[in-house]
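The following pair of complexes shares a single chain, chain A, combined with chain B in the former and chain C in the latter.
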Partner chain A sequence: MRGTLAVARTSLLRVTKDRRALFFLIVLPIAVILIIGATVRGFSTIRVGVVDLGAGSAGRSLTVAMQRAGDLDVRHYATISAATTAVSRGEVATAVVLPAGMDAALRSGQAVDVAIFADRSNTTQQAAAAAVGSVVAKVGARVQAASFASSQAFGTYEADLRTAAALQQTNTQSRVVSRVVDSNSQTLPQGFSYSAPTMLVLFVFLNALASGAVIIETRRLGIYERMAAAPVRRSTIVLGETLAYFTVALGQAALIVLIGAVVFGVSWGNPVAATSLVLLWALVGAGAGVLSGTLFRTPEQASAIGPPVGIALAMLGGCMWPLSIESSVMRQLGHLTPQAWAVDAWTDLLSRGGTLASIAPKLGVLAAFAVGLLALSMTRLRKVVAQR
Partner chain B sequence: MTVAKLAAAPRTAVAPEPTGPVLSCAGLVKRFAQRTAVDGIGFQVDAGEIYGLLGPNGAGKTTTIKMVCGLLDADAGVVTIGGRPLAELSVRALVGYVPQDIALYPDLTARENLAFLGRLYGLRAGLLDERIAEALELTGLSDRDKDRVEAYSGGMKRRLNIAAGLLHHPKLLVLDEPTVGVDPQSRHAILERVQALGDSGMAVVYTTHYMEEADRVCDRVGIIDRGRLIAEGTKRQLVSRLGEKDRIDLVASGDLQALAASMRGVTGVESAAAAADRVHVVAADGRSVLPDLVEAAERSGATLTSVEVSEADLESVFLNLTGTALRE
Partner chain C sequence: MRPAFLIAGKDLRQRLRDRSAIVIGVVAPLVIAAVMSLAFGTTTTFHFTLGVVNADHGPIAAQLERILHEPGLRNIVTTRPVADEASAAADVKARRVQAAVVIPAGFSASLSAAKPESILTFTSVNNTLAGSVTTSIVSSFTAQLNADRLSLATAVSSGAPADRVAALEQAAAKLTVPVQLAQRPAGSRELKPVSYYSPAMGIFFLLFVISFTARSFFVDRGQGMIERMRAAPIQPLEILAGKALSAFVFGVASLGVVAVVTTAVFGAYWGSPVAVAAVCMALVISVVCLTALVIGLARSQRQAEGIASAVVFGLALLGGNFVFVSAEPDLLRRLALLTPNGWALRAFTDLSTRGGGLHTALVPVAAILAFSAVVGMAAAGLSRRAVTA
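So, the complex of A and B:
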């Protein structure tokens, strides 16, 4: 045990003396949390594709109504085919087709079919279709009122339509305002509550990968050989190095949690669950870091390849944008990475008031990743220590 | 003198007093794939004795001492330290290993490096501080103990590398080519300290391919070539194997391999080998064969710059035994 602590202590001492490492461990994550937290907004906005086949002024009114609805982001497509392709690619959540002659049909009191494209099995698309449907219904009510008034010789259709629209705006109506309380939100809250947990996941893993260079340098200097000549077992050396990586990962995660809470006002959710998640993520990071040190041949390789790999995994795992806005294929692919499970667990804790029990399955997957990575990396490091 | 202090200092608790030879190894064999790097090497080293392993690069010296230090598992053979098998982990506390590389963290200070290695050998708190101060004083680095190792000169790094092997007061110190790449002044200082350690009662194994180093510091020398210990003894014993023979060094330019080959055909020449800018020759009577050697040089087209005849030494022994020079 003393040998393990001696190895870990020295490795940690080296980290504290490395200004570049301290920059990547502390300064950069906090800066990125600040920038992303201040800029990321609007993952709750629903993108809607609109195809206007010649609907006239009624179509334009409907489009304007959708644009004015706060949660809808309207994008125009020339053909139905282009719009449905955009839906299938996930570029828009739903598509609305405004038919030719819509305005004339409404004026003559005929019913008009407004087609809304959405996948029945996709809850996001269904929610988008429902949001669009409510706007269509609102505009439809306005049209019905104007048609009724003009049919009763109370002015022209255009004038009655304007009156109906104005009445809709000024009349006090009952409104339902939703707030996130144990909801089914698939994304983290916006702002720093989004950037802090995702950047914690990203940077702890990324820095661990890059710091594999330390193991490579120790091997190249012949220090493992020197350690192996001492009256300590190889497993003692391996444990010491792994403990150092775990401590660095845990320290970085704890610092982000602390600064997130104190400076950025992030509420990290259930403390026991959040602590468990941080501990497991530090173990995953330690495993990845030690593995990196045994996979690359030179410190330069680890420093150059580690960060891009860490960023790519973070992208796949939903650290850069929510996986809920991705296609199902990308979501499944993303969940091959530990990052996706960690972000899911944070989403549960921060957006849905999750508990240790509710994130237990995700912690289980992360524990499996940690055990796998640590077993593989420690076995490989043992071989590195034994190399002569 | 600091060496006296080192000898008088208390031993590490885990190290029992050895009886008989400090180091005993027999029949050591190490194979790497199809190549046999060490083939049946065995020797003993007593307390206070400096034993030199002399041989050219690639002869098997480093492989041998790595087996002695437990860094490589031997395919065959036995190593005991103080009468105890090396397989016992605590036995390693009896050995101080100074690798050929500067195996120290360049971004840590000398004191921090020594503290780390001392802890690995079980030194704690006050005793650790005491041993660090002692090792730094012994190697003349006390005034630079808080400097990062990366700021040290090559010679200072070498000295600190040795200090790290002495912290725990080993019974056996194993030095693997400790003077490689250092300036003459630092080399002289290192050799002096190694001699002092031997005088203090420590058993020392010293590997080198520099004949003059083995000649100067070693009480006994084992000559290794192609993984085999081909001769062993004191310098006097080894040289006496040659009888009353002379060594002739001919500094020359041209095809020295061809020159050495032609000189081997000269009557009275026992061996001849090219090394760097010269040809080493061993002959029963150096002065009598000299005219024939000069004639051989003219025949082979080489230009002789200088000729020196001297008594046979360890290099002559190696040349005589192997037909090659130590440094080719």
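So, the complex of A and C:
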């Protein structure tokens, strides 16, 4: 046991003294969590650009109504060309142009067309146009009512507009009652609660794969041979190396959990279940890391091939976007990776208040991955250590 | 100049023999583009099935059903008749339909009564977009119906006498909502995920040229190769030019292969070839300048690897190689324009969506070259010292 710990300690020291490794272990994951967390505002809000060419108070009330609509995220643009550029770049799904003199035209009883940029063939733009259309129709109804009442000499346009807005809230209107039928969310919450768990899964695995380079370097330097010259058993070396990889993976995961909770306010769900998940994922990472150290021939290979493999598996496993938006074939393919099971388990914990019992099947699959990877990698490492 | 070509040739041969360089420069971006195109191959368009319960069978319900089949909505909604409210809720829950709308019995008739019936929509947490689009469509429809009732109610509330209500009701029924949306073509091609992430990944892995070249320089120096070269009648500048040339050729080849293969195999659209070539060249020049800077700043191979990693991942994160930059908050989108890869991605996005030739890419290319000039000048003095030291 002492021998195992000594081997593990030596390998760990090499990692912690390497400032470059610390960059990948800590700085990079946190930076990625920050950027993705700030960007992923959910797959449900629609970004809409607004160009106000001097529409007056009617334009302002339409803008306010769009801002208050929960599913719209309004961004302002000064010119039509800036707005259409934003549409083409995908910064907004669609852009609305509030024409000059809109308020005056409406007051004088004229109809006003509000231009919206959306191509018929582009479904994202059409969905956005439908969402904007509903807000415009509601505001338009108030304008119609105010014009009508004031034209019949009942009240002023402004007063009638306020009356119409108040009446619109009462139940003398036919309403649309929306009911959510399920609470069984298949995706993680938005913001940092999305980016922190997915990037934990991605980076612990990716980093382990890339740090397979350390074993190759150890092999190259002849350290295993020197160890074998001492009265150290092969199994001690193998266990020690694996323990070092496990400790690094666990340390990185724990740090992400801690920073996620303290800095980004992520609530990681049931503590027992979350801890089990982190432990199992660190074991999967350790298995993958040691395996990478025995599969590749040069440190360059490990650090060249590790990251793309890690990123590709993370993409397949739902770390970069939810698997629920993919076809069922791709979802099944994704579940051939351990990442998908880990993300599923985090989704259960963060979105559905999951417990150890509810994620047990997923933990079972992850345990199978961990056992498989560890068995394979430790057997290979034993052979590597034995090589003279 | 011949020594520079010879050094470049030797470096390139070495690079080609090193399988990890090929993996990073060519295989990795292609593998990731393949995964992206598989993942999004069937989901680039937003479309959903809407369950419709028509318990009303009246004229207004028929009007709503007609609207759901309008040409503008046909691309995003397919309707499916559902027997009753309970089955509609069950269908949404079981994901047989993504959302449902229930038009209650007596809906049409209730619109002329004091308290009209409400329309019910069922949505799922797992498809909030389908839910909000459904609610939007139905809300637009009821807003039209409500506008006439609202007009009368407003007149009454503002003091219309009871004896005029019948006449006002008739007048209100003829009104149309005075604010309408008029759809105009956005005039741009849809940006498919594969068209964004192919260049994004190609550029990300291109940035690794910085690590490779800087590393190979220090390996050469460690082995006394640079000293031996200097013993020959070769200027330090020629040695640097040779290294830069090999990095340039490798970079252009790697990005070129990624562009050709992702276009031919995965259906990515990068834009006009001439403009794409200009952006690629400018970007590779900036990568060469960054490499020179890293070589100039570092004192050892280890330091070079560390600085290069920070530069590569820092640029990739800020420039939008990992996250669709357009979806980022304003500040991050501005920060992306401090990086050459951020400008390149903007150019590829514009070329892919708005088309156009070289003029579309002119500003990004100028920005990348300006960045290269600044970095290149900073690197010039520093890296010369690295050779002569």
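Here is the rule we use: the second predicted complex is superposed on the first by the 249 of 388 C-alpha atoms of A that agree within 3 Å, B and C clash if a C-alpha of one lies under 4 Å from a C-alpha of the other, contacts with A are read in each partner's own complex, and residues count from 1 in each chain.
We take it that a contact is a pair of C-beta atoms (placed from the backbone, for glycine too) under 8 Å apart; a residue touches a chain by one contact, two chains touch by 3 or more.
Not measured: the values here are computed from a predicted model.
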Exercise. In the superposed arrangement, does A:Q387 touch chain B (first), chain C (second), both or neither?
Worked result: neither
Problem set entry | Partner chain(s) touched by A:A229 [first = chain B, second = chain C, both, neither] | first
For this session: Decide which partner touches more residues of chain A, taking chain B and chain C as the two options.
Result: C
Exercise. Looking at the overlay, does A:A141 come into contact with chain B only (first), chain C only (second), both, or neither?
Worked result: second
For this session: For A:S327, decide between first (touching chain B), second (touching chain C), both and neither.
Result: second
Problem set entry | List of chain C residues in touch with chain A within their complex | 18-21, 23-24, 27-29, 31-32, 35-36, 38-43, 45-47, 71-73, 75-76, 89, 92-93, 107, 110-111, 114-126, 128-129, 131-133, 135-140, 142-151, 153-155, 157-160, 168, 171-172, 175-191, 205, 208, 302, 305-306, 309-310, 313, 317, 322-324, 326-329, 332-333, 346, 349-350, 353-354
For this session: In the complex, go through chain A and note every residue touching chain C.
Result: 19-20, 23-24, 28, 31-32, 35-36, 38-44, 46-47, 58, 62, 71, 84-91, 94-96, 106, 109-127, 129-134, 136-150, 152, 154-155, 159-160, 163-164, 167-168, 171-187, 298, 300-301, 303-305, 307-308, 311-312, 315-316, 321, 324-327, 330, 333
Seminar exercise, completed: chain A residues touching chain B in their complex are 2-3, 6-7, 9-10, 13-14, 17-18, 218, 221-223, 225-233, 388
Problem set entry | Contacting residues of chain B [partner chain A, same complex] | 14, 66, 69-72, 89-93, 95, 97, 99, 101-108, 112, 116-117, 119-122, 164
